[in-house]
Amino acid sequence: MKKIKIDAYALLEKIRAQKPVIHHLTNWVTIYDCAHVVKVLGASPVMAHAQEEVAEMAQIAAALVLNIGTLTPEFVEAMKIAALSANNKGIPVVLDVCGAGATTLRDRKCFELLDEVRIDIIKGNASEVARISGKKVRTKGVDATPVDQNMMEVAKKLARESKCTVAVTGAEDIVTDGRKLYLVKNGHPMMANLVGTGCMATSVIGAFAAVEPDLALAAAAALVCFEVATECAVKGASGPGTLKERIFDCLYHLDRQTLDRMQQVEG
Amino acid sequence: MKKIKIDAYALLEKIRAQKPVIHHLTNWVTIYDCAHVVKVLGASPVMAHAQEEVAEMAQIAAALVLNIGTLTPEFVEAMKIAALSANNKGIPVVLDVCGAGATTLRDRKCFELLDEVRIDIIKGNASEVARISGKKVRTKGVDATPVDQNMMEVAKKLARESKCTVAVTGAEDIVTDGRKLYLVKNGHPMMANLVGTGCMATSVIGAFAAVEPDLALAAAAALVCFEVATECAVKGASGPGTLKERIFDCLYHLDRQTLDRMQQVEG
Amino acid sequence: MKKIKIDAYALLEKIRAQKPVIHHLTNWVTIYDCAHVVKVLGASPVMAHAQEEVAEMAQIAAALVLNIGTLTPEFVEAMKIAALSANNKGIPVVLDVCGAGATTLRDRKCFELLDEVRIDIIKGNASEVARISGKKVRTKGVDATPVDQNMMEVAKKLARESKCTVAVTGAEDIVTDGRKLYLVKNGHPMMANLVGTGCMATSVIGAFAAVEPDLALAAAAALVCFEVATECAVKGASGPGTLKERIFDCLYHLDRQTLDRMQQVEG
C-alpha cells in the first residue's frame, strides 16, 4: 500500500450539480442525520418505508440506502421490495449491516437480503463485517468490537464472494471491490463519541454511489469527504454535541483545496 | 398586492400565555424538530400515533397536525381517527402533504384524508399543492419541483373547493382561504439546505391555528414568525448544522420589535 | 432533610471504564438524544424493538430502559419480552411513564408492565407518578401538571408498594426506594423549554443503574450528573437550541471537581 490521490472533489461536484434523490430505509435513531447529511452534501434525501410505495419511490431515486439498525421483519420485507425495484432500475443499493452479530435476527436478515436482492455495497464496522463474512464474532450492541484478524483479507474475500464492494469503517477504513483496495486514514477519534457517524457515512456513500459507477472509488471518496469534514469540525467544537452540528457545516462548505490537502488515502 | 402589516406578535403572545397542546401524527424524520419548535414557541407538543389512543389525545389538544412524510396505511388510519376526534371537538386540523406527487400511495392517502375528515389547513410546497389540486405534477421525492403556473390561482381554487386554508411554502409563501390571500416574503435561501424546515413550519402553523380562528391569518403569522426567526438565525450560523440550533434559539427569543421590523407581508 | 454529599463521580467513572450496553425501547421523538446522552456518558446505547430480537439483545445489556412516550400495544408487548429477559438476567429495568394520565391506553399499559414484569425504577414527572400511584390526575399531554399533594409521600408509598425505586423529576427531583429518600436540587428552569430532557434523564439513570446496585443512589447520582451538566450548558447557550448541544458537550467533559462543587443533594 502506498499513498495515492483520489479526486473526491470531482464526485462531490457531481452530487452538487445533479442533486440525486437518495432513497433510504434506515434506522429510527439516526434517520434525521442520514437525511440531513445527504441534503448538506447537495443531494436530495427521501425516507419512505411503506411496502405499498417503496418500489415506486426507488424508481425516482439514483441510489438506495438500507440500514438494519432498528429492523423488524416487516421493515426488512419493505427493504427487499425497494431493493428489487432498485436492482431493476440499475441504481446502486448500499446496505449498512448495523448491529450484525448482536442478535440472530440481524444476522439472518442480513443474509436474506444478500441472498434475495443484489446489494452493491456492504458497509459496517470490523466486527459487523467479520460476522457477515461468516466469522464467529459476537458484537456488543452496535459499537465495534476489536477483531483480531486481517480485515483487509476478510473484506476482499467477502467482496469477491458477494460480488460487491465492501466498506469497513474504523480508525482506518477499508474499501474494496475484491480487486482494488483503498485505505482511508482520515477521521478523528472523537467520532467514536458521537451516535450516528456510521449511519451518516453510509448515507454519504449512497450519494457518491449515485454519481460514480466505480463503487469502490465512490465509497472511498465518500469516506474521505465525510471524514475530512469531521476533522475540520473537531476544530472549534467543544464536545460531541457541538461537533455534530459542525460536521454538517463543514460538509456543506467542503472545497477542493481542503479535500486535496487533507485526504489520507492509500491504495 | 400591496405591503400590509399583520400582528403576528399578538398571536405569539397568546401561544406563550395559553400554552396550547398540539397533537402530532407526523413523520419519523423530523419528529423531534416538530416537537421542539412547538415547545420553544411556548406551546406543548404531544406526539401519539396508536390507533387506540389518538382520539382521546386529540380531545386534550387545541390543534392537530398531520404529516404524511413517512406514511403507512395503518398510520393514515390513525390520522383519520385523530382527525375525526379533532373535528368533533372543533379544533383545527393541519395536513402537511409532504411528498405528494412522489408515489401513488401518497396521492391516494391525501385524497382519502381530504374526503373522509375535515382538514382545515393544507400545507405543502408548490409541487405538492399543485398535485393535490389535481395537476399532473411528478415531484422529485420530498424536495420542491418548479411549477410553471400561477400558484396563487391554484391555491385559491383548492382552498375554495376544499373549503379550507391553503399554505404554499417557497421563496415566497402563499396563504389563502379562497378569499383573502397573504404573500409572506420572509425566509432565507439557506432554509433549502436544512431538512425539516417544511415540517417545522407546519407545526408552527398548528400552534398559531390553536389560538386564532382566522386560519389564513394564523398561518400567515406562523410563517412570518418562523421565517423571521430563520433570518435572525442565519446571522451567526456557520452552516446548516449550527443554523438549525440557532433557529430554535431565535424563535424562543422572538420579540415584537424584531417581528414588526422584519416582517414582509403582502395582501 | 439536610444537605448531603453523594459520590456521583465515582459512578460516572465506573460507566466510563465499564462501558455498559444500555438497551432501549424508547420513544421515537427523542430516540437519538437518548442514545447520544448514553454515548457521551461513556456507555454504549443500543436501540432494538423487534419482538424477535429484544430478548436476545437484553442478554448482552447491563440495563434496560423502557419509555412509553410513543407507545403502541405491539411496542409494549416487545417491552414485556425484553423486560422478562432482563429480569432473568438480573439487570435493572427502568420505566419512564411518559404521558401517563393523558390517555387510558397509557395508564393501562403502565399498569400491565408493572404487573407482568419486574420494573426496578419508575421515573416520571409529578403528575405522571401521581397517576401511576393511583391518583386521579389528568395530565396535559406530556408536560407536567402541578400536583397539590406531598409528592415525597406519594413516591415513597409507590416505591414500597411496587418494591422499586421511584424517581420524580421536576424543579426538585425526588428519588426514593421506599426507605431512603434523596432530593436533587440541581437543574435549570431552561430545561423546561427543551424537548427530551425527561427522556434523556431516564437513559442516564439506566446507565448509572447498570454500574451501581443501590438503585436509589444510582438514580440520584444520575440526576445530579445530568442536571449539573445542564447548569454548565446554560452558561454560553443562547437559547434552547444551542443549549441541547452544549448539554452533550458538558456531560462528556464532566469532572469530579465540577460535580463535587455544584451538586445540591439533600437526604
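Chains here go by letter, A, B and C, matching the order in which they are written, and residues are numbered from 1 within each.
What we mean here is this: a contact is a pair of C-beta atoms (placed from the backbone, for glycine too) under 8 Å apart; a residue touches a chain by one contact, two chains touch by 3 or more.
From a predicted model like this one, the values you see are computed outputs, not experimental measurements.
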item	value
Classification of the chain A:chain B interface as same or different, half of numbers criterion	different
Inter-copy rotation, chain B to chain C, in degrees (Cα atoms; steps of 5)	120
Rounded Å distance between chain A and chain B, as computed from the means of their C-alpha atoms	33
For chain B, residues contacting two or more additional chains	28, 32, 244-245
Sites on chain B touched by chain A in the complex	27-30, 32-33, 69-73, 99, 102-106, 138, 140-143, 193-196, 237-242, 244-245
Parts of chain A lying in touch with chain B, wherever the complex brings them together	19, 21, 23, 28, 31-32, 35-36, 39-40, 44-50, 52-53, 56-57, 60-61, 244-250, 252-253
